[in-house]
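This is the structure I have questions about; it appears just below.
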Amino acid sequence: MADTYVLVHGAWHTGELLEPVAQQLRARGHTVHCPTLAGNRPSDDRSRIGLGDAVRSLQAFIQQNGLADVRLVGHSYGGMVISQIAAGLGNRLKRLVYWNAFVPLNGQCLNDMIPPHYKALFDQLAAAGNNAVMLPYPIWREAFINDADAALAEKAYSQLNPHPYKTFTEPVQLPLEMAALQVGKSYINCRQDIALPHSLPWHPRLSERLGLFRLVECEGSHELCFTNPKLLAQKIEEAGHD
Amino acid sequence: MADTYVLVHGAWHTGELLEPVAQQLRARGHTVHCPTLAGNRPSDDRSRIGLGDAVRSLQAFIQQNGLADVRLVGHSYGGMVISQIAAGLGNRLKRLVYWNAFVPLNGQCLNDMIPPHYKALFDQLAAAGNNAVMLPYPIWREAFINDADAALAEKAYSQLNPHPYKTFTEPVQLPLEMAALQVGKSYINCRQDIALPHSLPWHPRLSERLGLFRLVECEGSHELCFTNPKLLAQKIEEAGHD
Amino acid sequence: MADTYVLVHGAWHTGELLEPVAQQLRARGHTVHCPTLAGNRPSDDRSRIGLGDAVRSLQAFIQQNGLADVRLVGHSYGGMVISQIAAGLGNRLKRLVYWNAFVPLNGQCLNDMIPPHYKALFDQLAAAGNNAVMLPYPIWREAFINDADAALAEKAYSQLNPHPYKTFTEPVQLPLEMAALQVGKSYINCRQDIALPHSLPWHPRLSERLGLFRLVECEGSHELCFTNPKLLAQKIEEAGHD
């Protein structure tokens, strides 16, 4: 069955970096879009763009392309964006798929869900970086892309971009909590993902905020888009189909 | 080595639904029985049958067939049944295998081990259904058989039968706690099983009540009997052999 | 890339028992050493040897062989040894790899990290065994080597040796906590390892004491060195490379 997917990237990423995954899904017959959110585009002013701006940029993309029956996939920070946009999409939305993604309660910001040592680090980096943050390489290498070899870890890192910190500190606005939203929901959990420590994990801590949801799991780090796009596409399909 | 297995189905199931698993085990040389417990047979009065009735029906089956050195496998609700029957089997019992199954403390009923929102739902369904409950399809599809496609999820659902609710509310009677029973014990944990939420999980929350036990795990949902009977048979053998 | 590995065995084991793993790593181009720690050598006086003795024997091995850029892999109890030795190795040490291994806080002994029922059992066995303990076979078979068949479980057990209990009760001496040590660190978690119960697990309970670390996981019991040395070697390489 040919479905329509919109893949929403995480912090420091762009839509282009999800193209290898999208190509795998297209090879399986689906229509796939990988927009880059406001805040991660080359000319964006990263000192000022917040979560609401990112959400509006995704709304505009879906409307301008006339997309319907969308299976909306959010990675990491992208979970904040698909959560805020979901209720307003109405019938345009077919299913939400969170892939190691944040599931906020109404009024929470991303920073409310991460360990204190990450928040302290990001505060420091943002203060020094005109309110944009770049993830330090050692953290990236060991905790984000732990299933890569050094060459791939370095190459992928070189493709990242500084992230507008206001998207981590601006509270999400939800008309109703995600558990109450009546739409199909799935959570993909890559099991070696320690971008959030396993003592404060993605699943089930955040996934269960979805209420009734479909769990899909696989081996891999937070950055399966780089380390195994084919497996990720397969899991997105298992999570996204009816 | 040719062993004797008795597979004890879960709620809403019948023994017949475990035949694809049994056939795989038979192809590996084992003798396998799949009785249907009292309460899930076509002509049973589902308004009145309780846990004790189900246990007695299994006892009768084992005695009438003169089974010995039995490796007794219980799935889900079937864990209640094999727990209550175990001590009385004496030498007829070789090993207990729990497959994402309830391990009760003496005096607990199944409902004591499930989340409050499930208990509230079942109470409501039983009140409306002459004390028999059917699992709503959306829960089945997302939380029980999350590793199936829609066609298999629907086909399997059509084979389920309303379950006598008294088996969920009647306390188990154990001569001694399962941890104290001197017999080989194994627990098979299908890792994407969210029939119980992972914040209130099968393993290790319930499995560790067995005391010393052998852990066997695999990928899959609560309904691996439908989605991958071959893998399930392999795991039952790994859990069940000496 | 050809790297240098030193594999440090766990309690009841010898270096020789890690040779099948070492051979796999050598076939991948690496230099691999498998010393046997003081306390587990045939002529050792198991009534007196403690953690400090084991540590000194490993220090001597590394110095006498003039090893540099060592990737030091500790299994189980071996984690105590590599933790205490690490800071003093300076530039000789390239990376620490814990494989279902203890990560102590300064001043802790191994017994501080195990469940009370194991400590009680070991106390009893040591009192009866001249301060050396042998792991009872039923625990070995179900909780340590649960992924083996009976023949392999028995054969491997026959190769174990009584373990000097003082290595479990002598506190570790760390110049600084492991999280503060500036060296690459990895943790390999075999997921069916219930040598420590999953309610009191290796990962993330002990692994996160490393601070920033790389997580690598695979299927298998505590004794993957016997049940799948090839897979273990692959995981050691994923954990150990730069």
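Note that the chains are named A, B and C in the order they appear, and that numbering of residues resets to 1 at the start of each chain.
In this section, contacts are C-beta pairs under 8 Å (C-beta built on N, C-alpha and C of every residue); 3 or more make two chains touch, one makes a residue touch a chain.
What you see is a predicted model, and the numbers here were worked out from it, not measured in a lab.
Enquirer: What are the mutual neighbours of subunit B and subunit C in this structure?
Expert: A
Enquirer: Same or different interface residues for subunit A and subunit B, judged by whether over half of the residue numbers are used by both?
Expert: Both copies, subunit A as well as subunit B, present different residues to each other, with under half of the numbers appearing on both sides.
Enquirer: If you average the CA atoms of subunit A and of subunit B, how far apart do the two points sit, in angstrom?
Expert: For subunit A versus subunit B, the centre distance works out to 37 Å.
Enquirer: What parts of subunit B, by residue number, touch at least two of the other chains?
Expert: None at all.
Enquirer: Of all residues in subunit B, which touch subunit C in the complex?
Expert: So the residues of subunit B touching subunit C come out as 184-185, 203-205, 207-208, 212-217, 238, 241-242.
Enquirer: Any idea which subunit C residues touch subunit B in the complex?
Expert: 138-139, 141-143, 146-147, 149-150, 191-192, 194, 197-199, 219
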